[in-house]
Each structure stands twice: as structure tokens, then as C-alpha cells.
Amino acid sequence: MSTVTPLHRAALDPPRPALDTDVAAAAQQLAAALAATAVERDRRGGHAHAERELIRGSGLLALSVPQAYGGLGAGWPTVLHTVRTLAAADSALAHVYAFHHLQVASVLLYGDAEQQQRLLGATVQRRLFWGNALNPLDTTLIATRTEGGWRLDGTKRYASGSVGSDRLTLSAHVRVAEGERGALLIGNLPTGAAGVEVREDWDSFGQRQTDSGSVRFEAAFLPDADVLQAPGAQATPRMTLRPLVSQLIMANLYLGLAQAAFEAARGYLHERARPWFASGVARAVDDPYVQHRSGELWLKVRAAQLAADAAAQRFQQALDRGDAVTAGERAEAAIAAFEAKALAHHAGIEVPAQVFELIGAGATSTRLGFDRFWRNARVHTLHDPVDYKLRDIGRWQLLGQPPEPTPYS
Amino acid sequence: MSTVTPLHRAALDPPRPALDTDVAAAAQQLAAALAATAVERDRRGGHAHAERELIRGSGLLALSVPQAYGGLGAGWPTVLHTVRTLAAADSALAHVYAFHHLQVASVLLYGDAEQQQRLLGATVQRRLFWGNALNPLDTTLIATRTEGGWRLDGTKRYASGSVGSDRLTLSAHVRVAEGERGALLIGNLPTGAAGVEVREDWDSFGQRQTDSGSVRFEAAFLPDADVLQAPGAQATPRMTLRPLVSQLIMANLYLGLAQAAFEAARGYLHERARPWFASGVARAVDDPYVQHRSGELWLKVRAAQLAADAAAQRFQQALDRGDAVTAGERAEAAIAAFEAKALAHHAGIEVPAQVFELIGAGATSTRLGFDRFWRNARVHTLHDPVDYKLRDIGRWQLLGQPPEPTPYS
Amino acid sequence: MSTVTPLHRAALDPPRPALDTDVAAAAQQLAAALAATAVERDRRGGHAHAERELIRGSGLLALSVPQAYGGLGAGWPTVLHTVRTLAAADSALAHVYAFHHLQVASVLLYGDAEQQQRLLGATVQRRLFWGNALNPLDTTLIATRTEGGWRLDGTKRYASGSVGSDRLTLSAHVRVAEGERGALLIGNLPTGAAGVEVREDWDSFGQRQTDSGSVRFEAAFLPDADVLQAPGAQATPRMTLRPLVSQLIMANLYLGLAQAAFEAARGYLHERARPWFASGVARAVDDPYVQHRSGELWLKVRAAQLAADAAAQRFQQALDRGDAVTAGERAEAAIAAFEAKALAHHAGIEVPAQVFELIGAGATSTRLGFDRFWRNARVHTLHDPVDYKLRDIGRWQLLGQPPEPTPYS
Amino acid sequence: MSTVTPLHRAALDPPRPALDTDVAAAAQQLAAALAATAVERDRRGGHAHAERELIRGSGLLALSVPQAYGGLGAGWPTVLHTVRTLAAADSALAHVYAFHHLQVASVLLYGDAEQQQRLLGATVQRRLFWGNALNPLDTTLIATRTEGGWRLDGTKRYASGSVGSDRLTLSAHVRVAEGERGALLIGNLPTGAAGVEVREDWDSFGQRQTDSGSVRFEAAFLPDADVLQAPGAQATPRMTLRPLVSQLIMANLYLGLAQAAFEAARGYLHERARPWFASGVARAVDDPYVQHRSGELWLKVRAAQLAADAAAQRFQQALDRGDAVTAGERAEAAIAAFEAKALAHHAGIEVPAQVFELIGAGATSTRLGFDRFWRNARVHTLHDPVDYKLRDIGRWQLLGQPPEPTPYS
């Protein structure tokens, strides 16, 4: 009678997997510990040694390391969810934590089997904390060929997580001749190596404890064994997945901030806020405009959550394809990540700003520190311009043009 | 070493189920057939007999009917996806189609086993098309107790899909005394029953072929066997799921319109649009502002898609709980549906309006009919005020207060 | 004691001039007459002969003509205010009316004293209605040198007000060789001249009665006496003021539409709207969300009003400088006009769309015709892309870079 | 021939008055002096004694005092323009300055001729700086009748400009019986009076140097001669103008902040910003998205400027009506002020937030202090909820309902 085949509905609606309970609990516990001092540390800025040790002690630095190397072997949806959880408590240390995992990803994407085994094995066994000095657009770090490796000279700025790290990934340009830069190499070395100096010169009004110092290299030695990507190596689609990890980290950080601002406002509304005298209601939460705006703000959070979850799944699918991943699959994962990042950017800027309309002047006390959500989101969302992400999404939708793989896309 | 347990990543990332291929193909084929005449029929308005027969012929009227009664037994995620697909082609007939399924849901939610067997069996076997005359807020239809049933007198306005339908669900208020209304009953009867007259008096500037006429009842007889919910029956949480079907239908309709407008603009940009003389680019699609705005608009579509998919899943979970579904689970499904509807409302209004900034004055020819996306979305999004949905979402987020089950929430 | 000089406050606060009473009354009266049939004529489209005669009969076609030539000699703030008033009643005929004045301005800006005397004198005495065929970007109209003038061949599309006009201004490119276009000339001729044919081929979903047909020229003769700007004449800053008249007309048209939509909603709220059942108020106007959104929408109207008034004043100042007006003064007037147009664009699109949130589904009846505000604004705001106006404003603010004088800026 | 009377155009277009040159220059000079240390003082918070002395030395404290009492006798458009100028440099001290003038207005609106002569004469001669302790909604300050005046006991919180002031206006409720408050009185006394103690307990993340301490009264004596409004005096429309001064001050403060943020971004773009690597342009100011967004942001500033100027004029007109001002005229002035405040609120929040999209991560250095524009605007815009201003504007537009005169409206 019918022209279409009967369906087995059950097959259409699989249960959504819960985030693994233990990891979620560990992240929540760590978040609570960070939250306890987050307002005070935001004011102080600088390096948060004790809190970095809390992160190290949580075991979560091993989360992205494959089980083959002793790690927890979590997928990126799980890793990114922990970033979001921590960001809601302390987005600066969440960044330090997330960028550790970005370096783990770098070893997995660029390194060979021996390097992965050695470096990631040590990461788990010695609980190493990685920092970032890998930014190909910052071209001042020069690698000069020397016996058994490279001599590094120059500086990397905005090196997130570098202060207090154990090991750094880095990019450098090969010296061709005096003042002439050649191909790019990617490597890694111990932060404490001779000739490496990390300066605490990060000075922004937000994300103040991200340890984003400058790393100065003066005749530092990078042995060949620690070169992850040789100069001039052709980038495969798989290798270009690294910036997507970075983009997804941003999305989850912004989202965590939006969630945290929303929750802070909710708590304040219940515990302290008084209704506006002209509202005619007994509690601030009963004000029709407070309810309506809460609904509007929540939708910004919600849209970003859904997009971040979808993008993490899509990224993992691309990663799971291994070396077979195509430029087209990489493009799809990139666009999903950009969608998530743009929606989270919007939520991260707007929600922390607008919650004040709900909670009023009394909520601006520095003791509460509610401005930090906006300051942190405002600084971090400038990592790369959202307008170029919107352009890339537009190009993809209109033209099917994949975003050009760059350190920022 | 680590304080958390290793994970099995695979378990975290199940494949997302593809929509069943046959159903999707049937919906696409039907959509293409409807699209061929949609612009012309939008201009004409009125009843679209031939196109309703196309729908009937597609077999998709049986989609939501359980297999036990001979139907396809699809879950609501699948049914709603077909609504979205059809809405992108012709949102008026998609509404007629969707409201048929809403009546099927009504029989499933309110009717007893005998009624389900008899009415839904006939729906499949005789390919019945259902229309809606169930709106408890419209209280002019009066049921007077009579031998073996009820005598119905009065009118139901805005009865979507009533014109040309085979069978109608309806709500009526029991006559207590002259001019005094009592409890509500819900029933159904053949549209061609004696004393039932459908008037084609729908007159809006959008959704013109939704057959939303007035149904006039004059001494029509509703036998007890066709009363789905007896007067004054206590509504269980499960029975209050019906308005959520309605809300989800709206969300998918608005979303289909937003998608269709975006796609129409994309096509026009490629085929006809010329770059603005001051842009300095050779093709309109290369204009940086066209690309950027396309990215912005796409994000509205994308957020609504993700929310609509999530809400459909959540609704199905509640439905699958059967009579055990609690008020709290109903509330969660309701909020998910409201989130989807509010985001789709926004996308449905904004995308069809703003695509014109991409494609310019030449795209306003009545031959193209690109204004219909906005007109259809503008009319349909007024079904119930979005401001009260935002309020309900806010109440839920701030207070954990479940939305009151009403015909609109 | 004080370090600053006492002020005479009175000098700081001059009274704002009221719009001349007679002109305002005449415009109001004309607007009321047009409004009576606007909904029905919008549906019908085509040429509105009777209503054009009402405009002619009002005497307002002489409004912008200097008193020296028998006109009313109103300043542009006054002329543009009448455009706004008429646009609130019937934006299509307001466009026809406004474009008549744009052609008057063209004679004043491009023509010599003899031409002004002759053409504008006739305009007043014979109550001529001018139409537009002047669009230098449409380069298909060719002027070939011939005895005592030029032979015109080709077509001008989107020639607003051409159908039913008495006289047309036009631009044409001089024929240099077969298929090769040379310099631009600007002229004017009677619409009924031999070889001139106006086709009613305007087919948009809005602004349906703007008489924006195509003008086909076949060996039409343009005598030298009616050439307003000789081929290749160097454009002075004063001559580049014409597109600003056009931009200001748009701004006032969009604004009139926004005002009209707001007023229609206000009327409907009082006369017909019912409160939403969940609102708990007795009248729709008492709904807190209706009040709040009305406030938001009003601010869009208000901002556009203030900017349109300021821009008209600034334009008049530039015009009053006569030939002495500098490129810098022209730039300031242009930016003020763009500010007004961009704000009115926003109000013109948003207010007619969002008022439906205030008034609900019942207000979508085609009998009311409330969708015409949006359709008219949507079509008209595509005259030139708002994104390039925003760019020009940005360039001015960031760089002090004057907008390039073009037919659209 | 024409049905309307010729116009004299000149009469329609009076020159807009330039702000009095000397006052503007004095304000600019003072602004420059404040700007020099504003970033550092924002970080420090607390009382800015030296800068308050700069304000005192400028002579501008006499600006609003009528010439009859030795003041400069400026109108409120002029006074408010100086507030805007100072706010662009240092919005905290601009608030202190503006609230001084609010107290001058209070003496003019509530006081009798003798009080005006005595208090304002002294204000000019002794260069007194006034602070605010007048907030009728804060009902903890109790006045108990005593010989020749009132004994004051209790506290006023958020008393802007109180720290370091010479004189305070205040409101208090008359003690009727133990714990029972009666009618309101308004008075003023020297900040140094016995029993008056100002505490520096202002602790917000923005507007840090507004000296908004708590004023504690312990058996302070308010002589009858310094009671400006006797308990229970009926408020005339003129007396209800005071909150409009306050609202207009807010509007100009927010606007000054928006302007300052825009100018800071412009300066940074020229001096330091580098183009985004993917932009393909040589200078950041040439980026199409930077230009476009600058245009958008400028429009927010511009709309607020126009509304603030219009509201100041409208307020002055109401004030100039003296005791004859009606409730209706007061309502019109109030709505104009609310329009200005709501638009400036929007500009004040959005522009300081979004300029960072133009200037990027490098502009977040704490040395530049660019976050202070947002922090200051965010804190100050919470003075009273913008949602209730939008509601009041909506009520006025829909119902013609005048806003209820309260301390906040």
C-alpha cells in the first residue's frame, strides 16, 4: 500500500552517550578546587604554580594520551568537555590545561612512532606539563643546522602555558642565509634546556594566568630526534588537523565562560538580587523581563553547546580516519569547528555582558568578580578574528570552498 | 599513576544514525513535485487538491502510524525531518502534511487500543488525510449530551488542513446549562459527517494553502466510540505531549523555510547575481560582504538545525517512556522543543529577510517568488508568541519551573 | 573667579523650526487620499493614473522648484518631509513623487540658467510630472551625434516614474565607434517624444506602483538645448550632489514605512488585538512584552528620524553654498545622508517585520495588507547595498576618506 | 496654480548653534588633564583628590549656576555637553562633576529664592563641590523633629561624589513612631557637619573613582533653613524634573564612553594595529571587515548623539517653562531623555566591547587600559534597568501613558 519501506524506529534513535563518569567527576572536582581561588588569582595575575599542580595531580594531563602509551585514551569530545568544565571555573588555567593537550595532539599528528612512544610515555609517567611555542606566523625564531640537530635563536611571543611548563613544542624557520628564512620545522624540547628562557611578560586585562610568556632561545639545541616535522615536509590533510584542535579548544573555553556567567547570575538572582521597585513582583526571578532575557541568553549558550558537541564529534571522525583523511573531510571538520567557535564567540561575549541586566548594580562588586567572565572571553576571543571565520563559513556554504589550512584555520 | 580510569573512546562516539534512506528519498521526491508549482500556487492561494493527492500517493501519511496498525512506524525524528524537507519546498502543504501526523499523534496519545486499531488501521488502509479542529482555547464549539454520544454545535476557526480532509479531530466543551460551558472533551469524526461544513475562509498573506478554514458544526453527531478523551478526564503527563508535537512541527517548518531561502539565494548568486560595481570582484559570490553575511546567516540556520534535531530526540525519549513519563521528563522535552522553536523562529524570520542583502534588487521579481519564504515564516511564527516561549525557557533555567501544559506549551 | 566666560544661554537654544504648516497640511491631505486605496492598489500593481493626478492636483510637484521659476521654493528638509509623509501612506507613489523632485534637482544641478527657467517654469505652469531615466551605470543607451543634437538608441531599465510621466531626464554614452562607448552626457526630453517608448515591465513583490518601467529609445532626438551636461564635462562637487538627493529620498521612504508599520500596529492593538491567554492582562497593550518591544522598535524609528532630519539640514547647507561647495563639504553631506539611509534601512526592514510579534496572527489577513510595509521596504532598500554604505561610513570615520561620488554614493 | 503657499526656505533652516567656544575649550582642556592619568587611576580606584581640584580650578562647577548668583548660567545642553566631553576622558570624574550639577539643579528645583541665593552664591564664591545623598528609594535615613530643624540618623549608600565633597543634598523620611516612616523631606548640609561621616566603601569593577561612598548620619542636625522640600510637600511637575537631569547625565556619560572607545580604536588602528594575515591588505584600516564594522559601530554612537542632543533641548524647553510646565510637557521631556539614555546604553555597552574586533589581541594590554570603557559603561548603565525605560517608552507610544515620576524616571 505504502510506497516506502517500513522502518525500525529503534535504529534511528540511539542513546546519546554520557560523558564517561569518572573523567567528568575528576574534572568537576578539579574545577571546584580552581574556582575557590579564581577571583583572587584573576586580580593578582601571574603564574599559578599551586593550581597547576592541582591539574597535574588530577591525572587529567594523561587524558588525551593513547592507552598504548599509558594514557587514558579519551576521545576529543571527552577532552574538550573537560576544557569546558574547567573554563567555567577558571578559564585561564583551563587554557593552560587545554594547550597541554594541544601539544599532545601535535606529537600525535606530526611525530613518528618512536617519538610518540618516548614523548607521550614520559608525559604519562613523569606527569609532564606541556607548553606551546608553536606559531608559524611568528617568524622570528631561526633554526641553524648544526651537528645532529639545530641551533635555535630568537623569540616566540604569546607562548601559552610556557611559564612553568616541562616541555615545549615549537616551530622555527630554517636559516638559509643572513636574514633569509627558509622552510618551517616543528620540534620540541624541555623548557629547562640550555639556552631557553621563559619571560613572564603576558599583560592582558583577561586570561591573566595563562602563562602566555615569551620564550627566548639563545643557541638552544634541538636534536634531530626531537624534530617532529622536518623542514619543508609536505603537510598532509591529517597534519593540518592541529589548528582544528586549537579552534575547538577556543570554542569550549568561550562556552565555559558563557555558562559560568549564566550560572553566576542565576545564583545571584536567588541569593542576593532584589526586584526592581517598579516591577511589582516580590522576587527578582519573577520579573518578566528578567525571565525573558534569561531565555534569550540561554539560547545563545544552548546553540553554542550543540555546535561544540557536534564539532567535537565531527573532528573525532576525521581523526579516526588516520592518514586516510581527505582534504574534504578535513574541510568539513574545520567548518564544524568554525561554526562552534563563532557561536561560542558570540555567546562568550554577549552572555557575560548581558547577565548584568538581570542582576543589577549590586553585582558589580569586585568581591564577586563577575566582570572576569567578560574580560576573559573578550581577550581570548581575539585569538583570531571572528570575521574571517564567518567569511570562511560563507565561502564554504556558497562556493564549497574549503578553508585554507593555516595555523588559525 | 592517573587518578581516573582509562576510557574506551569508541563507546563515547557512536555513529549518528542516517535518516532512513527510503523515507528521505520519498520525502525528497515529494518535495520536488511540490516545488515545481509552489510559486504559482502561493500566488493563487486556496485549496491544493492535486498536491494533496501527491502527498497521499507518496505513502508518507502512514509514516507516524505504528507498524502494528500497518503504518511505517517511524519515530518522530524521522517524521519531523520529512516535515522540514517538505517545508523547504512548500511550507503550506508541509503544514497540512504535518498536521495530519499531529492528529495521528492525538489518536495515539488520547485514544484507547480499540480506537487506535480502528482509526489508524483505516488511516493506512484507506489513506485517510486528517485535519485539525482541536483547539481548546477556541471555546465556541459546544457538545450536548444525546443518545449514544454528543451533539456538536458551533465553529472552530483556523482549522488547519480541514479543507479537503477525510477526518477531523476536535475539542468541544460540554454544555452545562444555557450559555454555560463545562468540561472539555476530545473526539474525532469524518469531515463529511452530517452537520459538518468546512469553509475556505483562511485569508493570510502567507501559508496560503494550509486549508485553515473554519469548521461549522450544526447538530453534528459524535458517537461515544469516537470520543478520544472523555469530558473532564484528568490529563496525564503523556497526554500533555500533544502540544509538543505541534511545537516541533513549527520548529521544523520555520527551519525548512530558512534553509529554502538560503538555498534560493545561493542558487541565484551563482546563476544570476552580478557583483556590485564598487566591490572590485568579478563574481557576486566573491564579494567579502556577501561571504561574511552568508556565514552569519548560515549560523542561524545551523543553530536551529542542531536544536531541532536534539529536541526531536528528546521528545522521542519522553514518548518512548509511555505512561511512565513524568511531568519532569515532559518538562525537559518541552523546553527542548521551545529552544528549537525559538531558534527556528529567529532563523525563519531573519534568513528569508536578509538573503536579499546578498542577492539584490533583481531577485525581487514576482516570477522568482523569493518573498514567499518570509511571508510564510512571518505568518506561521505567529502561531503563539515567541516572547512567552522565551519567558518559559527563562523560568525553567532560573527557577526550574516546568512550562504549564497548555495547547500552546 | 571662574576661568570661563559667562554665557548667554538663550543663544544656545534656538527654537526648532516647525515644518511650514501649509505644506505639511497639503502633504497630510494627499497622504490620506492615497492611503484610502493603497492596500487594494498594492495588490493590483501597475500604473496608478488617478493617484498620480491627485499628486499633480496637490500642487506639491512645485515644492522644490525655486520661487524665481514660480515654484514653492521649499528647502530639501521640507521636500523630504513630504516624501516621508506620503511614504507612510503609499510608499510606491511617494517614490514616484520623490523622483519627480530628483529630476527637478537634476535640472538645478546640471542645467544652465536658460534651461532652469524654461524647464522648471514649464514644470510649474503645466504641472509636469518628471520621470527618471538617468542611471550612468546602465550603459546600454547610446547617443550618436547628429544635426543640432543627438540621436538616442537603447534602453534604460528600472526607470522610476517613467510610466505616465511628462518628461524624462536621462543619461547616455556617446558613440565613439561601432560598439565603443565614450563619454557620458545628461539630458532630458518629453516622454512622448518620437522614438521613446515606455514599457510597464516592473515586476517586483514590493513598491509595485512605482512605474519603474523600461524606456526604449529608437532614433529619439535629443536637441542640444536639452543637454544638461555635455559629454565629458568635468563634474564639480556641486554636480555630485544629485546622488545625495536620491539617498535622502530613500532614507525618508524607508523611515515613512517604518513609521507606518508602527502606527498600523498601534491601531490594531487598540482596536482588534486580544491579549495572549497566558499574559494575565486584560488588554494586549498592557502585555509587558508588547510594551517592551514597542519601546525597542520605536527607538529604531526614532534614531532614523533624527538622522534623517540632521542629514537633510546638512545637505541643504551644502546646497546653499552653491558652486563654492567643496569636495569636503560634499563628503560631510554624503556621510550624513548615508548615516540616515543606513539607520532608516534598518528601521525599514526590522520594524515592519517585528510589529507582527505585537499584533499576532490575526493581523496577517490580506484585507489589512500589513505585509506591504515589509515588502515595500525590502524591495526599496535593495536600491544599493547597505554594506557598502557602512563601509563608506567606516572609511570616513577611520581614514577621513570621502566617499567616491558615484550614481549611488 | 499651486494649492499651497510659497515658503521662505531660509526660515526653515536656522543655523545650529555651536557650543559656546570658551566653555567647550575649558572642558576640552580639563578632559586632557584628566585623561593623562585616567588609566592609572582606574587601576588604583579610590578618591582622586588632585583631579577633583583640577575640576574645581576649571571654573566649570559654576556652569549651571544662574548668572544672577554669579554663575555662568549655561543651559543644560551646554552642561551636558561638558559631561560628555569629560566622560570620554574619565567617566568616573565626569560623574562626580555631573552630580555636582545635579545638586545645583536640586537647589534650583526644590529650593526657595533665599536658599538659591545663599547656597548657589556660596557655590560660586567658595567654589563648593556638591555630592549626592538624595535617593528617596533608600529609606534608611530618618529625620526626627527637633528644635529649629531635624535630627538625622541612618545611612545613605551609593552616595556619588560624597567623598571629598563640601556639601550634600539628601532625602530623609520623617520619623512618625518607633520604626514607622512618614513623609519625605529634602535638604542639604555641609559634608563636614557634626554627625556626618562619609565612608569610602564603593567597590565596583567600573566607575571606580566616583566617590560613591556611604554617608552615615548620627544625630546630625539639619536646620529648617536648609530644608529644600518640606515633608509631604506636593510634588509639582517642575519638581519632578530632577530625575530627568540624572537620566540625561547618564545618557551623556554612556555616550562619552562609546565615543572614547571608538576613538581609542581608531588611534590604535593607525598607530599599532597590523592587518590580519589572511586579509590581503597592507594596513589594518584597509580591511573590509574593519571598515564595515567601524561603520556599524559609528552608527550606534551617532544615533545616541542625536538623541542626546535632542533630549537636552527638549529638557531645557520644559525647564524654561518654569512653574507653568505641565505634566504632559514633563512627560515629553522624560520620554526624550529615556530615548537618549536607552540608545546611549546600547552604544555604551556595545561599542566598547566590539571595538576589540577591530584592533585585536594586542590591544588588550593593561598598559592601554582599553577595557575600562566597557567596565565603566557596564557598571554605570546598571543605575536603573534599561528594560523599564523601554517599557516606559512603549507605554508612551502605545498608550500615551506618561512615565510615572520616580527618582529613576
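Just so it is clear, A, B, C and D label the chains in written order, and each chain counts residues from 1 on its own.
Keep this in mind: a residue touches a chain if its C-beta (ideal position, glycine included) is under 8 Å from a C-beta of that chain, and two chains touch if they have at least 3 such contacts.
In this text the structure is predicted, and so the values were computed from the model without any measurement.
J.: Count the C-beta pairs in contact for A-B and for A-C, then report the pair with the higher count.
T.: A-B
J.: Where does the A-D interface recur among B-C, C-D or B-D, taking recurrence as more than half of the contact pairs being identical by residue number?
T.: B-C
J.: Measure off the straight-line distance from the CA centroid of chain A to the CA centroid of chain B, and report it in whole Å.
T.: Chain centres of chain A and chain B, defined by C-alpha means, are spaced 39 Å apart.
J.: Centre to centre, by mean C-alpha position, how many angstrom separate chain A and chain C?
T.: Taking the average C-alpha coordinate of chain A and of chain C, the gap between them is 51 Å.
J.: Any chance you could list the residues of chain C touching two or more other chains?
T.: 288-289, 292-293, 387, 391
J.: For the complex, which residues does chain C have touching chain D?
T.: 1-9, 11-14, 16-17, 19-20, 22-23, 25-26, 57-60, 62-63, 67, 70-75, 77-78, 124-125, 127, 262, 266, 269-270, 285, 288, 290-296, 298-299, 302-303, 306-307, 310, 313, 316-317, 320, 339, 342-343, 387, 389-395, 397-399
J.: Show which residues of chain B lie in contact with chain D when the two form their complex.
T.: Listed in rising order, the residues of chain B that touch chain D are 288-289, 292.
J.: Would you tell me which residues of chain B are touching chain C in their complex?
T.: Within the complex, chain B contacts chain C at residues 137, 158, 203-206, 276-279, 289, 293, 349, 353, 356-357, 360-361, 363-367, 369-371, 374-375, 378-379, 382-388, 391, 404, 406, 408-409.
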